[in-house]
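Two complexes come next, and they have one chain in common, chain A, joined by chain B in the first and chain C in the second.
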Partner chain A sequence: MDCVATGGNVKVLAKAIHSLSRIGEELYLESVDDGLALRSVNSSRSAFACFLLSPLFFQRYQAPADHSFRCKMPIKSVQAVFKSLASLDRSVEKCRIQLKSEKSRLTITLHCKHGLLKTHNLSFQDCESLQAVFDKESCANVLQAQPRLMVDTVLHFPPSLEEVNLSVSSDRVWLRNHVEDGADSLRAMMTELCLSSEEFDHFSVGSQTSVTFCLKELRGLLVFADSSGLPVSMYFDEPGSPVILSVADSVLEANFVLATLSEDSHPKNHVNPDTKHPDTEQPPDDFMSDDMDSFLIAMESSELPGPSHVPTSPPRPTNNRKHSYIEEEEDEQALADGPPNKKFCSLFFGSVLPTPSQLPNQTMPSQEVLASDSEDENQTETS
Partner chain B sequence: MKFRAKIIDVGCLNHFTRVVNTVSRLTKACVLRLTCDHLYFVLSGRVASGGVSMWCELSQGNFFDEFQLEGVSADANEILLEVAPENLSRALKTAQNAKSVKIKLTKKSSACLTLAAELPSLSSVSRVVTHDIPVDVIPRRLWHDFREPQMPDFDVSIYLPPLKTLKSVVDRMKNLSNSLVLEANLNGEMNLKIDTDLVSVTTHFKDLGNPPWGDDGSQSSSPHRDPELMTEVCVDIRKLQQFLTGQQVHPSRAMCNIVDRRILHLIFLHEDVSLQYFIPALA
Partner chain C sequence: MPLSTQSQADIDQYILIASLDNARNLSNILKAISFRDHAIFNATQNGLKVTVEDSKCLQANAFIQADIFQEYIIKEDTVGFQVNLTVLLDCLTIFGGSTVPGVCTALRMCYNGYGYPLTLFLEEGGVVTVCKINTQEPEEPIDFDFCSTNVTNKVILQSDSLKEAFSELDMTSEVLQITMSPSHPYFRLSTFGNSGNAHYDYPKDSDMMELFQCTKIQTSRYKMSLLKPSTKALALSCKVSVRTDSRGFLSLQYLVRNDDGQICFVEYYCCPDEEVEEE
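Coming up: the complex of A and B.
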């Protein structure tokens, strides 16, 4: 593999990496049909981000001979290459990423002014493909706004705020801090920001909805969008389905997928009788981190062709996964049989099964879900 | 009990924000006392706060365009609320360019001060940000704790040196010692002293001037007091530093009263705000 990014795109690449670093500890690199994908996921599998750089993003793009190249590496080591954005601007003319398969090294070379070359050899690990299952087109609600609007609204909330609730009606959007129930909930300050639909470039709301997701991980995207000036699109459905934020231009597409609290564990929101309020109040609930699973987002569990292939065997819930999310969707997904609906992938993070070519003797699945990462403590193996 | 107020002028809003920011840097919790004419932020000296007490008085008319209050009862037309000034500060921070800010007492799951700011927006409809700040209503039987502190019978009253200078001296002294002695006399002279095993440092200020308290003040009640005689108080330097660091409002007058070896009483006056801070002497 050999790609060269030049000029301003070097900085864009650096910013993408910095954005991804806000999500997870590792950078997953994969060469796909549409270009080069840089992805990251957080440890609880509740946030996933992917930057897809098309071949046109690069001055030169030569895909790896073995088209299914993918690897992962600690994101900090990649960040170190692109440390100072200001100096990148000033002195780096181009950035070359090469895969030296015989050495198992990813070589990133920064060609700087005055003929200076900075070469970084990064070792990587093999890994499975990391891809969340999501479908923007099927989302009932779509909002698009200039990044400034998003950044300004987020400013109203303290940087330490974890979860935020987004509610929409036919002409209004409310953003509120989500406070988990507990001893402190009565003492916490509640903040609500109400925006009119007119402030959005695009506002298409299927029905009044309210979703709660983690704000912290989103900030990485907002910083990227703000500096790139690209409008941010937001796709979401009912609680439990992930919210997808994306920015795109002709050569780059970034998608941030964040899990949302599912219906039963929906937060008790602050009722303000003075404002026109969508009827989305939910009953008080358990502290959502106890319901970690309700926060898991759909992850594709196999490499079989098809954009959103799902395993034919259902995910096996372990005892501690008996929670409201599963119960709610039990009617659609029999726990012990039948192919789960795409939504039910959201119960777990699946690994990618080896391709048939790699395991000629193995027939395709039993579709067992394997642990995706040996390091990943959250996963359990199905037998 | 009812309270509604509104600020429209951006200058007033900024000024109010600065006062609240100052208070929030001095204490994590205080009492907000509301009367028809004034707002007070009160911290009554407790062991928990290290014995310091604070009285910050604002004249309501200088900040609010609208102010309606219905107190606890007709003869006690006041409302006292325990609040975390930091919450108020955070709420005001997001309302910086607001077209208007409304504050009212509301009841959500508990009593709250609700601050609603109308912000400029990209469309014809304003953005509205609402903050519900939880408060505790102080029952009337406890009001006596939050009365205006009496002016102590001080020995010397003196204007402070320029705050910037004072602050930088105290900042440096803080690195060397935990306690500081502040002494002053009626001749406009003030010394700040620290004394440790390793080092002693004294900073001298002169020509500071002594406020004329007139016939009521004790400055004239002891006419035979030798103007050169220093009165001193030894205080925890961190408390003094915290007070000086937090200041966001530049006072038109800054002075202190010293009760010999007992209390350091700092007074900052601005045209519509007054701030008094009492630091007890270290035992």
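Coming up: the complex of A and C.
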């Protein structure tokens, strides 16, 4: 594989990588039919991002001989190549990415001003294809706005805010910080922003909806969009279905898929452990596992994971955004007897395993990401 | 001014007096070598030489020529002492080291001789501070025996390009490898870190390369931890000369312009980690 990016595209590439670093700790690189895909996923599998660079993005693009090259590497290693982001466009003339498979090294060479040549030989690991399943077309609600609008909106929320709630009606959009019900909810500062549909380049709301998702991961995309000036499109459905944020131009497409809370948290509704699926197979998993086949989860809400996985009728607070991505985590969480809010937070931010104190009767399962049912539904389609 | 408060008798007792209208002209350059607590001062007619060493493998020297000082009086051929450099720097910047233009700290540094403390008179905005810092017996600085006749390779680079490279160096690498060669890659800095290796190549015809004199290919490795402090000197400098000798010892010489545009020098000597003759 041999790709060369020149001029301003070097900075775009660097910004894409920095954006992905806001999502996960590893960068998945894959050569696909449409070009080069750079992907990342967070540890709790609740956020996924993909930058697809078409061959036209590059001055020269030579796909790998076997057309199915993919690898992953710590994203920090790649970020280190593009360290001085601010001066990148002034100092770097050309960026060349070559695969030297015989040495298991990905070589990134930066041709800089004054003849300086920076060569980075990064080691990588083989991996399976990282792909989230999502379908923008089937989303009932679509908004599109200039990145500046979104950046300015998000500015009103403190950097420490983790979750944000987006509500839409036929002519308005509200953005609020999401506060867990609980001891702090009465003391928490509530911020609410209302935008009229006219502020958006495109406003198509199928039905009044309210979704809650993680702001931190969204910021990663906004930084990229703002610098590229490309409008941001948002696709979402009802709570529980992921929200998809997308920017695209003729040579690049970025999709950020963020899981959403399935219902507003109702801490009074504790989970009944008896409804759990005793037969749930929990194959060992570790987040660094390359067995990505099982990662692929159907996003369509019509596709319930299986009869053994029927949500109980009072909305389970722990039946959260994970519902769309990782069914097992729900199972584990449902078994927890502890305060659901806390569970939710820890679930959301990657600590999947309930602490032993909360599961006195449960033997600690190994971290499991995927539903057993997913073996039956090996859909690997992306939109 | 502190001078007016001193009697002639006071002045007579000092064997070394060095004054600066702007103490930053001394403190800035000393910061460039302040990686250890103790510094060896050696003053001669030519000026002041301050040496800091680390584990017998690294030596940094700062040279402040006599004509940099507004007043420089030395009553012996050579005056030497050792002081705590951290304390000295704290004193030199005792007024807060503000960078408001036009406001600076004036310094008068005085030394009575062996066994006496180093006395600093510092003045800013009419306020005078007197500091006395204990001195110790000066240790003999290591003689790296680096002489120009043994130099195999030498390059002089504009600091800007090296600054960028040094700021990006992979710190997970234990060593910094320097390759100098009359042919490709000419001048190369390499690191071997956790994520892989990286090379920074400067071609001999780069416009950042002011001088390129390489006689034979030579690759040497130096402990990154030893060279890291040199980035402070690099940051202050406008040009740097990189020389290696036949043993692989490294000499880095930095040309530093102070606030008043005067030239001072800082040099670093470093022992190689292991010698690799040719790659």
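What to note about this one:
In this section, the second predicted complex is superposed on the first by the 263 of 383 C-alpha atoms of A that agree within 3 Å, B and C clash if a C-alpha of one lies under 4 Å from a C-alpha of the other, contacts with A are read in each partner's own complex, and residues count from 1 in each chain.
Note that in this section contacts are C-beta pairs under 8 Å (C-beta built on N, C-alpha and C of every residue); 3 or more make two chains touch, one makes a residue touch a chain.
None of the values given here were measured: they were computed from a predicted structure.
In the superposed model, A:His120 lies in contact with chain C only, and not with chain B. When the two structures are aligned on the shared chain, A:Leu155 is found in touch with chain B, with no touch to chain C.
Of the two partner chains, chain C is the only one touched by A:Ser77; chain B is not. Using the contact criterion defined above for the overlaid structures, shared-chain residue A:Ala188 touches chain B, although it does not reach chain C. In the superposed model, A:Ser91 makes contact with chain C only, not with chain B.
In the superposed pair of complexes, A:Ser196 makes contact with chain B only, with no contact to chain C. Once the two complexes are overlaid on the shared chain, A:Arg105 sits against chain C while remaining clear of chain B.
Annotation: chain A has no residue touching chain B in one complex and chain C in the other.
Listing the residues of chain B that touch chain A in their complex gives 87, 90-91, 94, 108-110, 114, 121-125, 127-134.
Looking at the complex, you find that chain C touches chain A at residues 161, 164-165, 167-168, 170, 194-203, 205-208. Note for the complex: chain A touches chain C at residues 73-74, 76-77, 80-81, 83-84, 87, 91, 105, 114-123. Only residues 149, 155-156, 158, 186-196, 198-199, 270-272, 275 of chain A touch chain B when the two sit together in their complex.
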